[in-house]
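Chain naming follows the written order as A, B, C, D, E, F, G and H, and within any one chain the residues start at number 1.
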Amino acid sequence: MNDIQARLDLQRRERLGMVEAIWGEHKTTHQIVEIVSRLKDVREFALVTRVDYEKAMELKKYLHDAVFHDQANCVTVGEPVELNPKLGEVVVLSGGTSDLPVAAEAQLALRCHGVKVDLLMDVGVAGLHRLLNNLETIKKAKVVIACAGMEGALPTVLAGLVSKPVIGVPVSVGYGVSAGGKSSLAGMLASCAPGLLVVNIDNGYGAAMAALRILKS
Amino acid sequence: MNDIQARLDLQRRERLGMVEAIWGEHKTTHQIVEIVSRLKDVREFALVTRVDYEKAMELKKYLHDAVFHDQANCVTVGEPVELNPKLGEVVVLSGGTSDLPVAAEAQLALRCHGVKVDLLMDVGVAGLHRLLNNLETIKKAKVVIACAGMEGALPTVLAGLVSKPVIGVPVSVGYGVSAGGKSSLAGMLASCAPGLLVVNIDNGYGAAMAALRILKS
Amino acid sequence: MNDIQARLDLQRRERLGMVEAIWGEHKTTHQIVEIVSRLKDVREFALVTRVDYEKAMELKKYLHDAVFHDQANCVTVGEPVELNPKLGEVVVLSGGTSDLPVAAEAQLALRCHGVKVDLLMDVGVAGLHRLLNNLETIKKAKVVIACAGMEGALPTVLAGLVSKPVIGVPVSVGYGVSAGGKSSLAGMLASCAPGLLVVNIDNGYGAAMAALRILKS
Amino acid sequence: MNDIQARLDLQRRERLGMVEAIWGEHKTTHQIVEIVSRLKDVREFALVTRVDYEKAMELKKYLHDAVFHDQANCVTVGEPVELNPKLGEVVVLSGGTSDLPVAAEAQLALRCHGVKVDLLMDVGVAGLHRLLNNLETIKKAKVVIACAGMEGALPTVLAGLVSKPVIGVPVSVGYGVSAGGKSSLAGMLASCAPGLLVVNIDNGYGAAMAALRILKS
Amino acid sequence: MNDIQARLDLQRRERLGMVEAIWGEHKTTHQIVEIVSRLKDVREFALVTRVDYEKAMELKKYLHDAVFHDQANCVTVGEPVELNPKLGEVVVLSGGTSDLPVAAEAQLALRCHGVKVDLLMDVGVAGLHRLLNNLETIKKAKVVIACAGMEGALPTVLAGLVSKPVIGVPVSVGYGVSAGGKSSLAGMLASCAPGLLVVNIDNGYGAAMAALRILKS
Amino acid sequence: MNDIQARLDLQRRERLGMVEAIWGEHKTTHQIVEIVSRLKDVREFALVTRVDYEKAMELKKYLHDAVFHDQANCVTVGEPVELNPKLGEVVVLSGGTSDLPVAAEAQLALRCHGVKVDLLMDVGVAGLHRLLNNLETIKKAKVVIACAGMEGALPTVLAGLVSKPVIGVPVSVGYGVSAGGKSSLAGMLASCAPGLLVVNIDNGYGAAMAALRILKS
Amino acid sequence: MNDIQARLDLQRRERLGMVEAIWGEHKTTHQIVEIVSRLKDVREFALVTRVDYEKAMELKKYLHDAVFHDQANCVTVGEPVELNPKLGEVVVLSGGTSDLPVAAEAQLALRCHGVKVDLLMDVGVAGLHRLLNNLETIKKAKVVIACAGMEGALPTVLAGLVSKPVIGVPVSVGYGVSAGGKSSLAGMLASCAPGLLVVNIDNGYGAAMAALRILKS
Amino acid sequence: MNDIQARLDLQRRERLGMVEAIWGEHKTTHQIVEIVSRLKDVREFALVTRVDYEKAMELKKYLHDAVFHDQANCVTVGEPVELNPKLGEVVVLSGGTSDLPVAAEAQLALRCHGVKVDLLMDVGVAGLHRLLNNLETIKKAKVVIACAGMEGALPTVLAGLVSKPVIGVPVSVGYGVSAGGKSSLAGMLASCAPGLLVVNIDNGYGAAMAALRILKS
């Protein structure tokens, strides 16, 4: 079985306008290095998500130009495209400090595609004034990504206040019934606010790619 | 098995300060009539919850002084105690019109114990201004009961705005992930607002008895 | 409790650009008539969702200008806005014939806001050629809404083929593990395709409002 | 992203009468130190919950006046308010020795707000006499907090015996069906005792804040 | 497929000492009549469980000696064995009136095997005195069967008070988290009382057969 | 929306060697008639599954040559292919009489493709001798389909006794934890017997098509 | 909080005839030592369950007469009672080698109460002959305890073969749907065999105490 | 308890045509060595599954001829049978690189029985062309095994394209709703493609044994 080799989707950038992203969590360092090297061979930029500090340091041994983004738990290899102001701006919000890794992953993934992103932290609904004070900033964006754990009410409240597309990202912080992000996910799907969109728990990258699809549509 | 007879908890009013409430849903008309009759024999007031229109009409055939409360789906038999303003007031809120039966059950159960109740409907968080406009009324109450289905964010937002005890009542309206009230329950338990209290789904009566315990403590 | 009255969110059209939609499933005919009448008083168009044939006929007794849309299980009252081609077009797909009510609800809700909609039925992934044959039509739309029950793979396959925003709507058809639409929902959230967006099970209306937000952003 | 800073809710003490509590579980030592330092700048007391021994020792390196409460797994920084006997007393009970961390968190959080607390351990319902022997002590309190894992029957039995507000706290001890505290939570929500209030699993802090709301209402 | 015929386990009485019981819920009247007739041919007594009034009346048209037991929702055909005092006595308890059908099924199934049964209703733990007052009666039995819905705490409290085998039967009464009997089942399995035995939800027949095994062992 | 028409997969017989099967449960009579009529136009045989007696009688009004198979809850239209002994034989087993509809659906679906099927009822593992007595018959088949509800142990025991492919079909009979067939499904997937194959709950048709694939491979 | 002390149930041996068992999993070494020391003060035997090798070695530092039972993951302190042949014998079976810890816990707990136990390993139903070969040994016991993970069919098959009380103990070995023992638990509760009794997952101690109750009844 | 010894199923090869496989995950090194040694005594080949690198190295200390297969996480001891081309070929596919361990376990288990296996990696449905390009290779196999995590759509799409038996193996890679492989399992069971067969999550060995049964039938 020595000759098993990953089958890259090299037409993805052309077909979907997205760079190849490598989900690092269930892959060995060896597998990631192999995939990134082949992307480098064809001069493709690479974004590796869900990489912790130890794995990132391992990767850097083999990929000297790899950059570790510690808040986002991601590694990038290669030069991302330049900021493209014509695409419009995205605002990423987080309910609390604990939601930061997911919000940062979304922010990084969008920046890798040239999108300008504004990040607003700690605007959870238990202190509503923090959200209401930032409403003007939020309304300027073309797409809003709201990351929240626990009861996940932030995107619901937001979607009742602004008319832009709102993408809720449930975050796996919490305990008891909210452990793993299940209550937050359910709350966003069940939202009484019309037209709230949802992605999988902790899927900051997915929310970013959805926002990109919207910006480009 | 002809002589099986319900064993009433006639010391409950004395022990807990609550009237005997009969959960009507899983009991036959015959069983309810028998229990109420025995309460009447000892001159106790009776509150029968979860009774639909048909069952209520059946009951009235045997219990001529029974009163059906159609919004609350309850039947009462006997004269409730008078309003006791010293107990303090409770505000019951509902996120939407569909939550009315649960809110009305809470309201009725409190009135049966002499508590003044204010009912505010349709103050769900998708139209936040409806809630914020009523904040002064809400702050006057000693206890707040907030009924909500779907994502159940109403009590979370409330508990971030007022310092009074807030009891969240999940309501079994919704579909998909919110069917049966599960997402609403999870959202209230997982709330990021400090000190939010929760009861079982649709348990308007339980929220009322909890509020009564608080008013009397 | 006779004077309890629904609190309408009359600023919604102004704030969010959406007509007031009334979720008919858990409301009595009486409640719906009251809400619609008040919307008529202020000359607002009304869309009532999740209304079966019997309830619709009941409603028409009181609201003579009500129109029942039998495939979508909706009632509308009033004249919708005219088609606005500048908004761009939406394609709604369904995996099978059984998904039609949800697809039709999405289609109607968009039409009520002036959006042109193309509906493609029976393009499920078990007969892949039916989907691939329609790819050109699909690529012309600005937003794609894909309704599917059972394993819900349709939006995943789609999001791998087109670069437009794809909104997956899980449908509650199926049995065993797919009863109630849970497997379909999980499949869409877990999708390996980047940037797939999801709404609650059977939430055709929600998908439509999300598409509207995107078209207007 | 270097300048991302937590957005503190400094109006919380004024709005809700509660000190800012920092949930330590999903935050890095660095994040906690930053937040506490800013609270110290404005002379606010800080309570950090869910901190294990290692993290506490880390914190003490940066925050020399931090105090670690090992049974409660909490750190406090600053001088708490003095005991205020006028608020009334709270009794915290635990079913078994394994429930101690949750009970101790509730006790500490109340003491930080000046509330006198009595803690009764090992009064689970499998040895009923241990509970019945303490009934007089329990009845003297204004609020009762009952922590229990496994089947979680303790607050149900209590709420049938005393008329005071009873707050059940499910505890995540157990195995098999009770692993994670789910059976205990379900048992408390499903309780046949009228007016039992519930908070999330292991949420000793939340139960304390709810008790505080009640004492102040 | 006309000649498909049920394959009876006619050796069961010999092998396990139990009469053949026919689970009536998912069988057609036609299927039940056929099975009972064949039992009659070999002079076996038949117990049909989970039969509602309508089905029972249908059965009596074909089986003139069938007896309907309306509280237990069972039909018997044939003469049961006589009471056998040597086997020892079983006490069946129910938490509330709504648990009666399950308790009655257990009682009937035991009586069909000659076992004397005492039935104690409404001894739920929310009014503990009702249970404590009957402790002497309970202690006289060789086996205790305790039926309870909602939080299902009755068998836990019992198993802490008596040393006899206690079989808990969860009952599918309740709503919200206790709907379908799941919370009651979890509570019994998770019990902190040592040596509590459990059967499936509503399985009065199973509890009876387990008690019979114990009496005969 | 009047011109919406089902998109048939007319290449299915050619591509997969299977007749088009119409899942009747979530379709209206009108939709089924339309689909079958178009199949008749191209002289294709039609199998409609999950049709109850009432719907079948409705269908026969419009499709005079429709045949209702009452044990299998299916309707067929057209002449099935002749029995093809070369394909080899399939044995379908059921644990109890209540599993018959699922077993009969599997049997019918195979017969519609020319496969000889032997049906063995009531061979559940609680009376093991009934299964062991039929072992020789079972071993003669090329594929074994075992339908069972409740704990679903039948295919596990079978797969330990015979070397042929065994397909387990969980059946949605049962109550409490086995309601809906979930416990049976889990038991089959978790089986300690090597190489047991599973399909969705009640999916007799799916098991048949899998058997057909095996016979033809 | 320094003076918090466990409240022992010293009347348990008298009331229930069982020694005090200490559940070691969620307790610190310090807590266990304190509890055992107090039992030693009153000359009670102590059984500590769910203790791994490391914790056991820790305990032995403070409790020099502690004995570690490595297969059962238990520690005992003190001299157990002598074997009492009059109580009758229990047979404990395990489906596979991986179930041994649970079976050994049951065996040890019974021996601590003077009960003779026979342990039969690896008699799972995938190799039925291994079980059938031991049937005579099994039939000699007064109570049968059957431990099994995965699909948990062993007690079902047993309860169809022998007339003695059979107690099923689900074991948390398995993966996928059987991870944590849930499928095994469901299978035992859903069993088609009449009168099978069940305890919580991995609860070897509980099964033993239930068997003890039966032996003494 | 020193003399407890595993009861091997030495007749399995004869009865089912399969070598004895030892599930290594929940067994100690000591237990595995003992079992393998006894298999060696009777000259049986041994396959130990679910062994990580550390355990494998431990095993090699005692079993010098053991071979560790690192992609499959398996150890084999002894010489497997030779490739038997008459059995026909199996194709094993994986949706992504992360599914490799499960695919490799299936491949190894088949090779140990003399079956030729072709392994195709990274053919997930998000890049459909990768699958369609390999269709001819796939159609040559007698059985197809498709391993996929996340939404698990790969076997559904496959079963719509080829007429051969398709066995879906859900893989426990994923996060949020797909954590543990549950969404993938549900998707395969709920598949709209006719005749798709499923095994437990990560059960590569089980899929292989099922394929072997098919090849030999």
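In the analysis below, a residue touches a chain if its C-beta (ideal position, glycine included) is under 8 Å from a C-beta of that chain, and two chains touch if they have at least 3 such contacts.
A quick note: this is a predicted structure, and the numbers were derived from the prediction, not measured.
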Q) Among all the other chains, which ones are in touch with both subunit C and subunit D? A) A, B
Q.
If each step moves to a chain the current one touches, what is the fewest number of steps from subunit A to subunit G?
A. 2
Q: Would you mind working out whether subunit D and subunit G touch using mostly the same residue numbers, over half shared, or mostly different ones?
A: different
Q: Calculate how many whole Å lie between the centre of subunit G and the centre of subunit H, each centre taken as the average of the chain's C-alpha atoms.
A: 34
Q. Which whole number of Å gives the spacing of the CA centres of subunit D and subunit H?
A. 48
Q) What whole-number Å value describes the gap between the mean CA coordinates of subunit C and subunit G? A) 55
Q: Indicate the whole-number Å distance between the mean C-alpha point of subunit E and the mean C-alpha point of subunit H.
A: 44
Q: Any chance you could list the residues of subunit D touching two or more other chains?
A: 96, 126-127, 160-161, 176-178, 185, 189-191, 194, 200-201
Q: Determine which chains touch and list them pairwise.
A: A-B, A-C, A-D, A-H, B-C, B-D, B-E, C-F, C-H, D-E, D-G, E-F, E-G, F-G, F-H, G-H
Q) Touching subunit D in the complex: which residues of subunit G? A) 1, 4-9, 11-12, 23, 25-27, 31, 35, 50, 170, 172, 180-181, 185, 200-203
Q) In their shared complex, at which residues does subunit E touch subunit G? A) 15-18, 21, 88, 142-143, 160-167, 185, 189-191, 194-201, 205-206, 208-214, 216-217
Q: Show which residues of subunit E lie in contact with subunit B when the two form their complex.
A: 71, 96-98, 100, 104, 107, 119, 121-123, 126-127, 129-130, 173, 175-179
(Q) Using the touch definition from the top, list the residues of subunit D that touch subunit E in their complex. (A) 95-96, 124-128, 150-153, 156-157, 159-161, 174, 176-178, 182-194
